[in-house]
């Protein structure tokens, strides 16, 4: 059976190998998973992909030359043991459910890689669950966003040495370079831990940049051009960074500020980083503040601020601004 | 000329003394100045009051039994030397203008008290200006808000010992108690400095209380009654404080949150405290943050948050929330 | 059997009632528990107290007229059903162990009050555990510190209405006033939740005060007297508060700063407040920062700061200060 | 007179032109100024350099082929009008003194460039001072540190269009590329303003990275290798940046943490950014906090923390840790 078709259970044996002879299962073909499957397929890996949406599977089959699987069972059947199955799913119950299902269906010697943004405590627990069945586990913190397809992904992996050896050939393809851009940073859990902290740092760096740009914008007397300045800082300055480059690109293309709500989402990893700092008793004031500022942006009622106005009125008779003004 | 009339220039000699025989000039009869004049008048001091609004002067003449002066010249003329003239004006150019005017019209031995929220650097400069003419100066940081009329004012005064002695009888009346609630804390400037820091602390305490109450409100499963809890904390808790009492009172009376904008004003002293910390290189992270959070509340455009959303979109393809949603 | 003796198991029936006829068991006779037992005993309650240290039991028997129990069994036997047993123990495993033990020994209709600083999630879980046996539970957040014996304790209680009714007579004695200073704020868990937030606020208020005082101290040109100023602020100022009073008292008595390490401990509740804010997604930037600053004070290695120096050296050639300088 | 000699006043006419025929004066030959002079000289510019230390002048004459000037007068005399004179001096009184001196000695049409880290308000004032004499001024915020010699400097310049045209050929050499890495961002003052904000951002980014790395280090169970992880993050991660690269380099070479004091210096620009935010009322909470954390690192007495311990002792009887423990 050729690339470009969707397998149903039972049709597995006939799969055509990619050029490298390497095979991998990819569960979850969203923006990240689909792009990673594509990067692997382009490198000659046979990627058997599954997603809960058949349309999504078909779309990647057509565009990326992966082999589609209509079910997890079909995906498992399409891969010879020992298998490597990569999960690229939203963290939380969806990942949990797949992990538990795989623990019941895979064979000893198979390996499950969780490339999603799972909490490292969950990864430690899940690795223990799979280990009872002789199944290996790797937590692979994955950074690179929508740019990873072309540039490669930064992969921070936690696993036993044996599992790391088994998955290594795939990491070498997914990373920007075979020898760089991925690293086996420690035991199970360490990969997601390092990715978590990475995202915590990301929050702080983003907030730092944004505050600075707001200070440029605020100095109206100078009529500063933010696109020009962020572009300038990309050359030789101390703050040059990928986030700065992306910001410069976006500003150059133009942003319609009026169409945007001043609301910033946060994600599990930013929160977990802040909680980890508290539980370890390690000072992380700026990373934590960057998170709380996102909460502030999400807080439509802003009871805190209203309470401050109430207090000011109470002790000083200061006027309270009416809503809608 | 009796209490209850407004003096114009020239009519000064005939003023009737208060019971104590003490006389003071009060320039600026806003909420604070008017109440302070009233407190002095009730204690038997003859208060000659002036305000740029004749209606305001008339109103305090009627309600508080002070002597009105239609001009600063009339006020000066109504007081025998050596005079004590208390300014209770908005800080900045209005205070500056009055100070300069008084420096040209008062006599050696007279004293000007600035009871407003002036920057302590200005007070040091102004004292030097007056000293050239032999006129004394006191900076009297004044706290107590709208409650001061009944409870007395907390007065933090900076002056030379001689000036402090001259003004002391009035401080003893304005303070909650003759011996307590006012203090000569240091040389000229020290009074406004201490008041400035007082307000900086106020920002931090207010923000602390407000954040805590928002956490109570946010725990909807417990359906907590903020009025009840703030009232409870007033008895025996570690956080009991006047700000807590005022908050409890306001919550008990009921607040219509929907009618309020989530915008909190800031004032000179909060800003000066934060700047002072920077200039001295003394860590004041919480006081500074409380100030920046007020700025955040005032920032309708919130460019910072929009920039964060732009960055998240750029690196991760995350959706940007549209305005109006 | 009279007050002032220590009961062993079996001697329970003969206990002499206090004047009120009210009886309570108190487990944990540390600084807090012993003082609370004393306040109850002074009010005519028969308090049967137990502590893991027999010496501690004897000491409170002698000083406070409570009835000592050499074991929990003896304490249970000394109280007629339905019993009220108050735990005043360090939060964590010690409280857990006692709760589990009591769940196995108490009778339906008895009530356990946890007056310690337990996490509210634990309280919810423990209440469910006891409820299976028909035993009631109250979480009573207790504030007031070493001053509670004389002034009364601020009690924030979570319980069902039935349990609240059963414990109320004791709350009326422990609180500063029968009608004020205690409140039934919500269901089980709500008491410890409100106490947790109270302590979070405490962190922010303390840090605010301390930063302000450091700014006073730092202005050496004014040679400000911190004891005098904190005392002054106690009268009529906006920041007047119990924490300020305590600070003024301590400063008046004199503090030997050189003998003190610049290290501030933190406690479970400060951490839980910060974690709760993150889990609820409610902004609490100042309360969180106050916690992280305590972590900073505890961080002897201060790797963060060393890393900053390493970076400065790397990009700008700036000198790194050697340790010991 | 050839490259490699030191000019004294009067010997100016005979100077040999560099290959480009371009000439510039450079006052201040420290680490930054000397390297910039070298970069210009390598590109064929005749650089006449002066420093208050004759040894420093001689050293750059020897190593970089610049022309040394033993005095500012000699330097002026060595350059034909209209001159471009670049100052690379510590901000503050030293820059002020040179500026005033040059304003008295230069001719209309000459231009002074301040490449140091001056406050933008000073630059505005100085430009006005020079303009009275018909002398042009450019403020050129310069980033790039010790790496600028090879990589080029990021130059943020504020000036009138005329002055910008006059200095442009030198900017094209100093920058990483003739067309990129320098920009005329606005009127006089704008260059130093943009550089100031750049440094403010730098503080926030550095602190973010450092906090994250401390969280990695703190997780001892994973025994994470900071050098390996920072190196890894350099490939494809969201936080990749020059600061990260420098950190990775330093960690790879090895850092003796025990030899370092946990003290981080701050500089004018970090402070000015924070003050600017306050004066504009623009929220910059993270940039400000990063600054205050440096203050904390510098605060040996840490009165704030000691006061917190005093308060904890006062209300809760908590032990105060003794110094030296």
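All chains are identified by letter, namely A, B, C and D, in their written order; residue positions are counted from 1 within each chain.
Convention: a residue touches a chain if its C-beta (ideal position, glycine included) is under 8 Å from a C-beta of that chain, and two chains touch if they have at least 3 such contacts.
Being a predicted model, the structure only gives us computed values, none of them experimental.
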State the chain with the largest centre-to-centre distance from chain D, centres being mean CA positions. C
For the interfaces A-C and A-B, which has the higher count of C-beta pairs in contact? A-B
Per the C-alpha centroid definition, the whole-Å distance linking chain A and chain C comes out as 41
Nearest whole angstrom, what separates the Cα centre of chain A from the Cα centre of chain D? 37
Give, as an integer number of Å, the spacing between the C-alpha centres of chain B and chain A. 51
Enumerate the residues of chain C that touch no fewer than two other chains. 145, 147, 207, 209, 211, 214, 238, 242-243, 277, 282-285, 289, 293, 296, 304, 315-316
Chain B contact footprint on chain D (complex, rising order): 238, 266, 271, 274-275, 277-279, 281-285, 288-289, 291-293, 295-296, 298-299, 304, 315-316
Chain C - residues contacting chain D, complex: 31, 145-147, 206-207, 209-211, 213-214, 217, 242-243, 246-247, 249-251, 255, 257-265, 285, 289, 293-294, 296-297, 301-318, 320-325
For a test of understanding, state which residues of chain A touch chain D in their complex under the given definition. 143-145, 147-148, 151-154, 156, 158, 175-177, 180-183, 185-187, 189-190, 193-194, 197-205, 207-209, 211-212, 214-216, 218-219, 222-225, 228-229, 231-233, 235-244, 273, 276-277, 280, 282-287, 289-290, 293
